[in-house]
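Once you scroll down, you'll see the structures, which are given as structure tokens.
Look for chain A in each of the two complexes below; its partner is chain B in the first and chain C in the second.
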Partner chain A sequence: MQLAVNITVLAAIYALIACGYVLVYRVSRVLNLAHGELMMLGAYLLLMTATQFSSHWLAALTAAVLLSLSTGVLVYVFLMRKMTGEMVLAAVLTTVALGILLRGAMVLIWSAQQFYPAQPLQIANVAIALPGGARISLCAALLVLTTALVYGALLTFLRFGRWGVRMRAAGQNPLLAAQRGINLHAIYALAWGLSTLTGALAGMLIALDAGLNQTMAIIGLKAFPAALVGGLDSLAGALAGALIVAAAEILLINYVDPLLSEVVPFLVLIAMLIVRPWGLFGTREELDRV
Partner chain B sequence: MSRQPRASGYFRTGYAQDLKLVQTRAERASLALLGAVLLAFPFLASPFLLDLANQVFLASIGALALMLLTGYAGQISLGHAGLMAAGAFTVGILFRETQAPFWITLPAAAAVGAVLGVVFGLPSLRLRGLYLAVSTLALHFLVVYLGGEYEAKRGFSTGILIDPPVLAGMAITSGHAWYGILGTAAVATLLLCLNLLRSGTGRAWAAVRANETVAAALGIGVAGHKLLAFVISSALTALAGALFAYHRGFVSVEAFSLFLSIQYVAMIIIGGMGSLLGAILGAVFVTLFPYGIEVALRALPGAQRYAGTLFAVNYAAFGFVMILFLVLEPLGLVGIWRRVQTYFLLWPFKHRPLAGRRR
Partner chain C sequence: MFRKLAAAAVAAAIAGPALAQDAYVVGLTGALTGPPASTYAPAVEALRIYIDRVNAAGGINGKTVNLILQDDSAEPGKAAANAKKLIAQDNVMLMLNASLSSTYAPMVAEAKRAGVPVLFASSVCPKDVYPPADPLLFCTTAFAANHDSRAVLSFVKETAKEPVKLGLAAMAIPISRGEIDFAEGLSKTMGMTPVSKEIIPPPTPDYTPFATKIKDAGANWAYSWAPWVTQVRTLEALRRLGWQGDYVAWAHIEAEGELARLKDGQFYVVGATALFQDALPIHAEIAQAVQKANVQYPPQQMAEGWIAGMVVEAALKATSWPPTPEKLAAAMSNLNVDTRGLRGGPIAWTKDNHFRTRQYYRVYRWDPAKASIVRVKDWTAFDVQ
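Take a look at the complex of A and B:
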């Protein structure tokens, strides 16, 4: 039972991060390898706002979320906008470079020590007993709940929302979308903003649960296989991929070797690339487009 | 390979002339000058500078290998550090388990690299672009994990110590000896790449990179040439990793992080894609960059305060410079160099005459 809970929590983490990869990739065909760092930045932003509004945890969270949304938009406006229409590799490498830059900057600003943003916010991370003898911490439960909410909201938004439909259109055929009067730059900026927001949410909740230091970006990179296994352009796929990767990771760690934790997602990734490179729910033509 | 235009009317009149690597007197003179500088360098430089030169040589071998694969054959790889790790760990494991001398371990490292090249290359038969990069990234983590596993299981958790190689009864430890060995290796790699690229193989790679369908229609075995590119590049990279292990005298997985892969990709981007000169310039730039930052920070007032944050400053500055190159100068250092060259060749004019009006 505890295993099932662990898998659910890890899957929720991966899914929440992976939907950021999917959002940006689906709309602009750019793989954002700086997502892990952007997520970590979100967590540090929460740390910053937590010391500002120490008594109101809701105010701190809202401020941090808004800050990270604008960070994503700024990244697009000042950096990725210049890379539209460039080679795919150049755009991906720009995000890699951005990740390196962010990581260095974050060490400079916040140093490499361990922080607990839950302390200034006075959130007690109590363990909740579940039926079947399993336990889950409050923040982890919150994380699972947030993931469900975020996915529900995103799927509805993409299906019914005016801007959501525009986003799908821009992803399917940028040229036609632009000719129908859709502002592509605004759409791309929105995708980057939303992607950073969801990533940052994941970062904040992980930080509340387990503390925050400079190694958090690795979790972001490990969530990437989840996005690819499900199909890089499918939100529902990211959910399924996260579940598969998390299950494989927890089970292998538990029964084979704890050292495997770092590689399991990538092993799953390799297996998927061999069998079905476009992912479980991805579109097959994707492969020829890149 | 495209030759640069010359100021004078230098025309080749025979195929033998066309095949020469060094063509004009000016080229010969400048090459001789470069050779003389390289030969004189170890006798004039301080040990620190000598060590820097050795690092540059090592990085050039790796960068040249990656340039063959990415810049010429068009196959993206983010697993370069994994291949280097494979070479280094082959040396480490063979030395620890069997005390093998370097003339066994180096070919063994190259062989392991070649085999891994097939493994890294197999996805390229099916995947392109981004997906290929991702698969090499995944394989990088796999190789590094296997290395870490070996370290942990055999009790070398801090790393494997390797004795210096013994050549003609003498252990090679001095910077001067290493300068000779690594310099020779780098020049040999450069010559190998130069000649490979103007052979049929190199032309086939260029065709595969430009358009796979057209290449196949021309009768080029696309799959075979892709795999060959991976095999040759990986063997060279593993060799560089093996030399790195001997030079450091120490192998540990920490040295082969994802950041190293990114550094190598940065070398060929900053140097200039599709140019061997670019690979070398990029290797020089990326290797010397952290030391440049350190010197620059020392020059600032209150140097002691920055000492602890040097690593972070380095990281941030490296990312920043990489972004600058990607956004502002996609042709890299070679692009700048060519522009300077053209400026002087055409001086006092600003532009090349239009092609049609030449005669």
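Take a look at the complex of A and C:
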């Protein structure tokens, strides 16, 4: 049972991070390689609001979530918008530069220390007993719940929401969407905002569970194979990819060698690229276009 | 803090060659940024504060110390470039390393070509500083491969009330893995049973899968010798799984604050540096200097860098003017520095031993009854041969 819980938690972490990659890619075909850093920034924003709001954890979380959403929108408005009409590669390289800039800025502002945002918020990360003798920490349980809610909300929004339908249209054919009166810049800004928000949520919950330091950005990169395995333009694919990568990782840790956990996501990714390069749920024509 | 470090680095880079004639020029390459910076940046900051104090008090032998700081982000390529720059451009007579062990080889190669001594300060001591020591390599860092596990396992053996089933946890970096492999072998010779050995990749989003294996293996003691993040997150994951065994880890610079945060009576830290809990006069001195310098790191994380500063000061003092790397290396090979209680004994270097002739260890834990950190075992000496 503990094995199943461990797989679920890791899959939830990867899925919550991976959906950020998918949202931006699906709409603008840009691979956001600064997603890990934006996720870490979200965690640091929570640290900042936690200090400001101390014991009011809901206020601190709400403020951090709003700040993260705004950050994503601002990244698009002030940086990625300038890349409109340029080669996709240029936009991708811009995100690499953004990641380096953010990493440096975060060290300057918050130093390299280990922080625990749960402390100022007075959140006790207690263990919850589950059937079968398994246990899960409160923050890990919240992470699983949040992932489920985020995916449910995003899938509903994209399927039925007016702006969700516009996002899908912009992703499928931006020229036609623009001719139909859809404001592409607003759609892209929304995608960047939502992407940063979901990544930041993952960062915040990981930080509440296990603390926060400069290594968090690399965790963001570890979730990247999950998005690719599932198909970069599919939210459901990101969920499936996360589950596959997490299951492979945990089972190998448990039954073969813990060291393999570092390479497993990328082994799964290579295997998928050989068999089905566009991912489990990805669209073949989209990949051909890349 | 980093603004100050950056400003110091820029100022030193501009003024370096000019000052070289009138000052002792010392260069440092360290992980001031990057994932492992939390272990190294506070030590570098403490060293900078110490050297600033020395200069403010008139310098050494009437000359100032020009400390040039270079960030390598724990990347070997950057460390090599830093070493080249420090030697060729800044004409340093001493290089310091405060970074991951992966940066050692390229940096040491550059230093050896130029005949410049290297001091490992806050980065793990390489075996080359143990007897018979490399003539150019020296180390002040508290933690040391092989020696630490001897001390830790001796403590476990003394403390355990029942047969020890040992769970081991390392980070997947060479130095940590090597030490845990060593501990695994040593524990068998000491009558313990290693039941699980987890090599945990950095970074890991969730430590629970690794902790699950240690718990399921039936460990009643667990030992981790790794960067702090791996040590403490493994412990926390074990506790959340309901594991009630004893856990022992190395007392890195974060230990004092973390013992107070965790408040776990069965979490022991073994270290070679006195915690501020001991309230020595030098602790007050460090705290005052840190407060005056207005840095982001707490004083409790500054002792390691402070000791490096004391040793650099003593080594330069013993080097007559005009200084050369050869004179400095000779002075360092016969050095005895009183750490004023920060360590169990002096940092004593001889021609063949550039680590220390005796290594002292103390054990601390959180005492829930007293609601404070307590000393479990006082300085215990181990000869270094």
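Simple rule for what comes next: the second predicted complex is superposed on the first by the 290 of 290 C-alpha atoms of A that agree within 3 Å, B and C clash if a C-alpha of one lies under 4 Å from a C-alpha of the other, contacts with A are read in each partner's own complex, and residues count from 1 in each chain.
Everything that follows uses one rule, which is that contacts are C-beta pairs under 8 Å (C-beta built on N, C-alpha and C of every residue); 3 or more make two chains touch, one makes a residue touch a chain.
Please read these numbers as outputs of a predicted model, since none were measured by experiment.
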Which of chain B and chain C A:V96 touches, first, second, both or neither: first
Which superposed partner A:T51 touches (first chain B, second chain C, both, neither): neither
Partner chain(s) touched by A:N183 [first = chain B, second = chain C, both, neither]: neither
Partner chain in contact with A:Q172 - chain B first, chain C second, else both or neither: neither
Partner chain(s) touched by A:Q119 [first = chain B, second = chain C, both, neither]: second
Contacts of A:E262 with chain B and chain C, given as first, second, both or neither: both
Touching partner for A:T62 - first (chain B), second (chain C), both, neither: neither
Touching partner for A:T156 - first (chain B), second (chain C), both, neither: neither
On chain A, the residue positions that both chain B and chain C contact, one per complex: 103-104, 107-108, 259, 262
Parts of chain A lying in touch with chain B, wherever the complex brings them together: 31, 79, 82-83, 86, 88-90, 92-94, 96-105, 107-108, 221, 224-225, 228, 259-260, 262-263, 266-267, 269-270, 273-274, 277, 287-288, 290
Touching residues (chain side chain A, partner chain C) in the complex: 2-3, 5-6, 9-10, 13-14, 103-104, 107-108, 111-114, 116, 119, 125, 127, 135-137, 140, 206, 209-211, 213-216, 218-219, 222, 249-250, 253-254, 257-259, 261-262
Touch list for chain B against partner chain A, complex: 76, 123, 126-131, 133-135, 137-139, 141-142, 145, 148-149, 152, 258-259, 262, 265-266, 269, 309, 311-320, 322-323, 326-327, 330
Residue ranges of chain C touching chain A (in the complex, touch as defined): 1-3, 32-35, 37-38, 41-42, 172, 198-210, 212-213, 216, 228-229, 233, 236, 239-242, 254, 261, 296-297
